[in-house]
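Mind looking over this structure? Questions follow.
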Amino acid sequence: MNSNKKSPSILEINGLTVKMAGFTLVDQVTFNIREREKFIIVGPNGAGKSTIIKAISQSIPYSGEILYKGEDVAKMQKNQIARNIGVLAQHHSVNYSFTVEEIVELGRFSYRKDKLMIKEEKEIIQEALEMTGMIEKRKQSVLTLSGGEIQRTFLAQLFAQNPNILILDEPTNYLDIQYQEQMFRVIEEWITSKNKAVLAVVHDLSLASYFGSEFLLMNQGKAVSRGRKEEVMIPEQLNLVYEMNVGSWLHYLYKHWEKYL
Amino acid sequence: GCSNKENVSDNIQTQEQESNKITDMAGNEINLKKTPEKMVVLLPSDVEILYELGADKSIIGVGEYCNYPKEALNKKIIATGDDLNVEQIISLNPDVVVIGEMAQSTDQMKQLKDAGILVAVTNSQNIADTYKAIKLLGQISGKEKEADDLIANMKDSFQELEKKSKGNFEKTIYFEVSPLEFGLWTAGKDTFMQELADMLKVKNIFEDLPGWAEISEEQVLERNPDFIVTTTMSNKDSSPVDEILARNNWENIEAISKKQVFKGDSDMMTRPGPRLVDAAKELYKFIYGE
Amino acid sequence: MQQKNYISSFTENKMKIKAVFLTRFFFISMCLILIMNICVVYGSVDINLWDTGRIVFGAITGKFPSDIPERFIPIVLGVRLPRVLMSGLVGASLSISGAAMQGLLKNPLADGTTIGVSSGASLGAVIAIAFSAKSTLVSGLGTFLMSILFSFASICLILFLAKIIDFTLSTNTVILIGVIYSMFASSITSLITTLADKEIKNIVFWSMGSIAGSTYEEVVLMTVILIICSFVLMRNGVELNAFAIGEENAMHVGVDVRRVKLRIMALVSILIGVSVSISGTIGFVGLVIPHITRIFTGPNHKKLLPISMAIGAGFLMLADMFCRTMFSPIELPIGIITSFIGSILFVFIMIRKNSNKFRG
Amino acid sequence: MNSNKKSPSILEINGLTVKMAGFTLVDQVTFNIREREKFIIVGPNGAGKSTIIKAISQSIPYSGEILYKGEDVAKMQKNQIARNIGVLAQHHSVNYSFTVEEIVELGRFSYRKDKLMIKEEKEIIQEALEMTGMIEKRKQSVLTLSGGEIQRTFLAQLFAQNPNILILDEPTNYLDIQYQEQMFRVIEEWITSKNKAVLAVVHDLSLASYFGSEFLLMNQGKAVSRGRKEEVMIPEQLNLVYEMNVGSWLHYLYKHWEKYL
Amino acid sequence: MQQKNYISSFTENKMKIKAVFLTRFFFISMCLILIMNICVVYGSVDINLWDTGRIVFGAITGKFPSDIPERFIPIVLGVRLPRVLMSGLVGASLSISGAAMQGLLKNPLADGTTIGVSSGASLGAVIAIAFSAKSTLVSGLGTFLMSILFSFASICLILFLAKIIDFTLSTNTVILIGVIYSMFASSITSLITTLADKEIKNIVFWSMGSIAGSTYEEVVLMTVILIICSFVLMRNGVELNAFAIGEENAMHVGVDVRRVKLRIMALVSILIGVSVSISGTIGFVGLVIPHITRIFTGPNHKKLLPISMAIGAGFLMLADMFCRTMFSPIELPIGIITSFIGSILFVFIMIRKNSNKFRG
């Protein structure tokens, strides 16, 4: 959890601004994600978190710069983007009854020109399915999955994709506590062992502060503060943005569990 | 429309030909080695002509809509149009197939030719064309004399009717092809109905339209015809004449107030065959009351 | 959520709403009457505004001015007026039906044509015509009833099949089955016309209806049906909103999903059945007019239904006028004009609206 | 948080079983919710929690009994059900651009025969919008809302509907911490003051134990245990089901905040 | 995710997959050949299996047995065989196009007809025919090219409009605009045929193509185009899977969304354009066959595309055979049979499948 300030930066966002229908959804946001960083964006509903992610994944028009290792993402080849930047969207909707496995296999799309061994491809997919606990449901149609299972299927796709930076929009939505814990553990290991990075939007402030190394607090399209846990995830900052006493609320929540430790 | 009047009294187009070289109406040469014993005829008008020429024995198959004379219905009936049953024609192994130019696709004709069957094309857009068709069918079926007689006959009858007609294109006529409740359709210029009207010296109120067209009811009221001829089917419980006479808003039309409405036979009036004479006679009787 | 009493402000409030409603209603009626006037004045025969006005006025007083050519009177009163009225009525019926179906099925593609109702109604009409063609007892009423019956039966069959095939009743399943059913019904119609004898074939061919030749009896019948059905549909505006948000949500807020669905389907099939049997299948209106309307009113059916009715009526009256006058004396098939103008209008309005949106 | 065992029961589920495609998704589940109870269902992904809720809202076929105040829900009138039982689904998808207000107004559908004053209806809707913080966005199209805002819109609809028992499937999904807290506070007040009840599916065990009065722990379609907080929300029960040390995980999560209290 | 080496098992694996693939391919080819044989044997003229076989065999060796009536030879070789082949090719083209569009647009309603491509192709053909009708230069090639051009232009226009109107490019917007465009194109086609002079009208009417009267040249052309296009389409099977899951997801996994979309649309419009110009618009096949196929193969395009091609080919060959023989000597329009049989088949298979599902 000690972010090494000297490691090279992977993703650089400079003056990102997104306007739509005359509203400024994201206003001049600038940040920088380095190798092995676990960068967390927190902020109230409608702060513009998902909008930033959509801009990074090039699905909406924006102004400002988005650089991956110094290169403008807008000008990169699509499968180069996918190999380096992996995105988990906030919503998933599937119309046809694809199986879990077929969806996870798609994660390998950007590698199809590498002509890997079939067996190896299979192992990567197998591993992704195991990591997300979907191995037993691999042949089930996504249309019949529960909320958490769908979320885990798309997480598995992302693991199969194996990008250098993971962009996660509320990854723990729908997940039960076991997979919440497991997801973060897996991601953590994987980042530190391979010089990768993660950018995640998280609403649960305990989870965020447990997992993150760098933080960005947003409100109404603007970056309110940016920095390490001790700089951002403190009641002085949060209470203003969320208009409540964050610390005591989290304490209330935890109270029940103290006696069981 | 009036230019056709000359055609009526015009020439017999003498076409010198060798014993077996015949040119059909699409301009193709047909190499007929002998008088055909087996013919397939697809157009109702051509069937009528061949029956009139007495060549019906050699017809072995007729198209779907050939309903005159009644005996034609006893021949083998063949689907025509888009769904032309080529293989059935081939299996009948005819010497000649007579086809309407606009009624089949070129691909279908090509298949017949490829199967080694002679294809003769007729294409009659007016009465003059009809004579050519009769001539051609006479040549094909070896009834040239009968054909010439028939043509002469038809010309005489038409000339006589034209002479007898004392009109001066003052009276007007309206041909109704589809009744009001389904949208009015009428015949304009380049139709046989137009030619008949010209021959009988009455003015078709829609001679400004090309071919068949859907027209506005108010135009009929405005143009106020003296005669109405309907060729629609007897529909539901009233005859088409009664239906027209009883139409709301039409009371003031000349033809209605004088009860000058006539049910014409649509086959007779639209098929380029010998029965055009009968159609002209009927129409003459209706207009001049003799 | 406490119970309070606001009798005075309540009545005041209600009166304000009523006033807004009345001005709108008045404005829309004026527009429609204006369009109607234009459509009655223009025709393939030239009769000027002044004369037309005096003829219509004469019809009310019973006395026609003597300087108007006598033949103009039946042209205006007997031919144009009922036709203009009928096109307005049919336009209104198709549009409100389309809007209702698009809400009910939460699918912007729903429409009498795509959902198979129009084909079902045609099939009914053709069967009625074919089987009664030769008997003496042929009343237009038989065709009406068969059309309505078949369109209702079609819609029930489609929903039943959709339910069997896909328990979740996803909206596209319904449309898919509707499109397939529509082709099935058309194929039977074609089969009947192909195999029937020539006379019936002709009758069927020509009987597919047209707005031309509408009579006042038909106008009256259509008016009565439209008023009743549209009244009930509009009273179900909130239910339609619930369906448009989602059938599951509709259930949660207490809509009796099955009953309301059946009711709306029945009304729609009556409207479409009668329209088809009087004027044939006119595509496009039911699909596009609700979309165009939604741009102005939003998706709320309380506004959408009445306004799309009005726009549909105006649109079809004008389209029919173009058919009559554009290549006079030839009449164009109305379907050509509705599709041509309608599609251009649709794209134009959509682009206008969206450029606004992006400008802010 | 003292559930009064003598208060009359509102919702009674007896031997609820749901089968689909040959799988038993819910197996003989029985429970009972009394007035003023805050009944929480917890359990891992795919345990059958959403399935139970769908059965209660009559959207899927089931066997077993679901009784509302002794009456079979399957036989109740639809608008009677809606006035008494309000359901928040796990997913929301809207196709047309309805405004927030129009969606919330629909919550009043089952009361339309009561002919309430227009002004009063308006106040109820106003209040529901205020409670969920959507008052400023009342005229905005739902198609442009953020994830949390959509969730709050449907919560507002539910408040406008004002049923006797709220059935909530993961109500805090997408919500930021402020509205999480606010939702539970509002619901709590409202239940105790009006003898109502709530049934909620919650993945966050801290939230669950903070808020709930009765608990049902599910796993693989079966009820594992049922009872008060001290009986169900204890590591002995949870660790087995979630296959992890729940208590220490929650403790880790909370650690950062201790110093700020 | 470590790099390991499995050369031996890799080849072994690949061989196994190849074997499975080959047996399947062989089996399907056999079925198609069988269907083809049946279709060539049955016709409105009775020629028995043995004779038919000998004729076809004779065509290869160049020598016909003398005991076969001479007139049978052109019937089998000149009329039936090219027609059967053409119906198979057209069926395959329409089905693979439908499957590709349904995946690309993530919409089960997509199809050449609903997406407006068929109407666009028809319009192109009609314009080509109408403008070249009076000149001496009337080549079928002009019609082909115009059809392809127009169908591609249509699809581009539709997607362009969909993008302007709805930035999110929700799948139903595309279909909605497709349906509207389709009506627009048809209205122009009707306008041309209504206003053109009589001769052109006739030419247009009769040149619209039908499977009847197919020639070997057309068969060869169609075969070449089908092989090329279907090959490229199948190589894009994974991309289509990505689109079918969602365009956003496709982008995330690295599909070059715009380029792949354009490529697939171009291929589809070539296939549909050529089919329409040779055999006219045959609805239904492209819509329903992919759905029927999906029941057996699932939505994975790597299987869906080839199998739906095969099923489409077999289906259209059989449908055409029914047209020729059912009411022999009258031939039914092929659209009637495809819609009639296709819809019944669809519902039947769907119900069978779902009753299985609920039984477990």
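The letters A, B, C, D and E name the chains in turn, as written, and every chain counts its residues from 1.
Quick note on the criterion: contacts are C-beta pairs under 8 Å (C-beta built on N, C-alpha and C of every residue); 3 or more make two chains touch, one makes a residue touch a chain.
Remember, predicted model here, so these are calculated numbers, not experimental data.
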{"item": "Where chain D and chain E overlap in contact partners, by chain label", "value": "A, C"}
{"item": "Path length in steps (a step moves to a chain that is touched) from chain B to chain E", "value": "1"}
{"item": "Cα-centroid distance, chain C relative to chain E, in whole angstrom", "value": "35"}
{"item": "Whole-Å gap between the CA centroids of chain C and chain D", "value": "43"}
{"item": "Inter-centroid spacing, chain B versus chain A (mean Cα positions, whole Å)", "value": "79"}
{"item": "Distance between the centres, which are taken as Cα means, of chain C and chain A, whole angstrom", "value": "50"}
{"item": "Sites on chain D at which at least two other chains make contact", "value": "20-21, 93, 95"}
{"item": "Per-residue overlap in chain C, given as positions that touch at least 2 other chains", "value": "107-108, 172, 332-333"}
{"item": "Contacting residues of chain D [partner chain A, same complex]", "value": "20-21, 43-46, 50, 90-91, 93, 144-149, 152, 170, 173-181, 203-207, 209-210, 229, 233-235, 242-244, 246-257, 260-261"}
{"item": "Chain E to chain C touching residues, read off their complex", "value": "107-109, 114, 161, 164-167, 172-173, 175-177, 179-181, 183-184, 186-188, 190-191, 194-195, 283-284, 287-288, 291, 327, 330, 332-333, 335-337, 339-340, 342-344, 346-347, 350-351, 354"}
{"item": "Of chain B, residues touching chain E in the complex", "value": "64, 76-79, 82-88, 90-91, 93, 102-105, 107-108, 110-111, 114-116, 190, 210-211"}
{"item": "Complex contacts: residues of chain A adjacent to chain E", "value": "57-59, 77-83, 86-87, 89, 92-99, 102-103, 106-107, 109-110, 112, 117-120, 123-124, 127, 154, 157, 161-162"}
{"item": "Chain C residues touching chain B - in the complex, by the definition given at the top", "value": "43-45, 70-71, 74-75, 77-80, 132-133, 136-138, 198-199, 202-203, 206-210, 212-213, 215, 324, 328-333"}
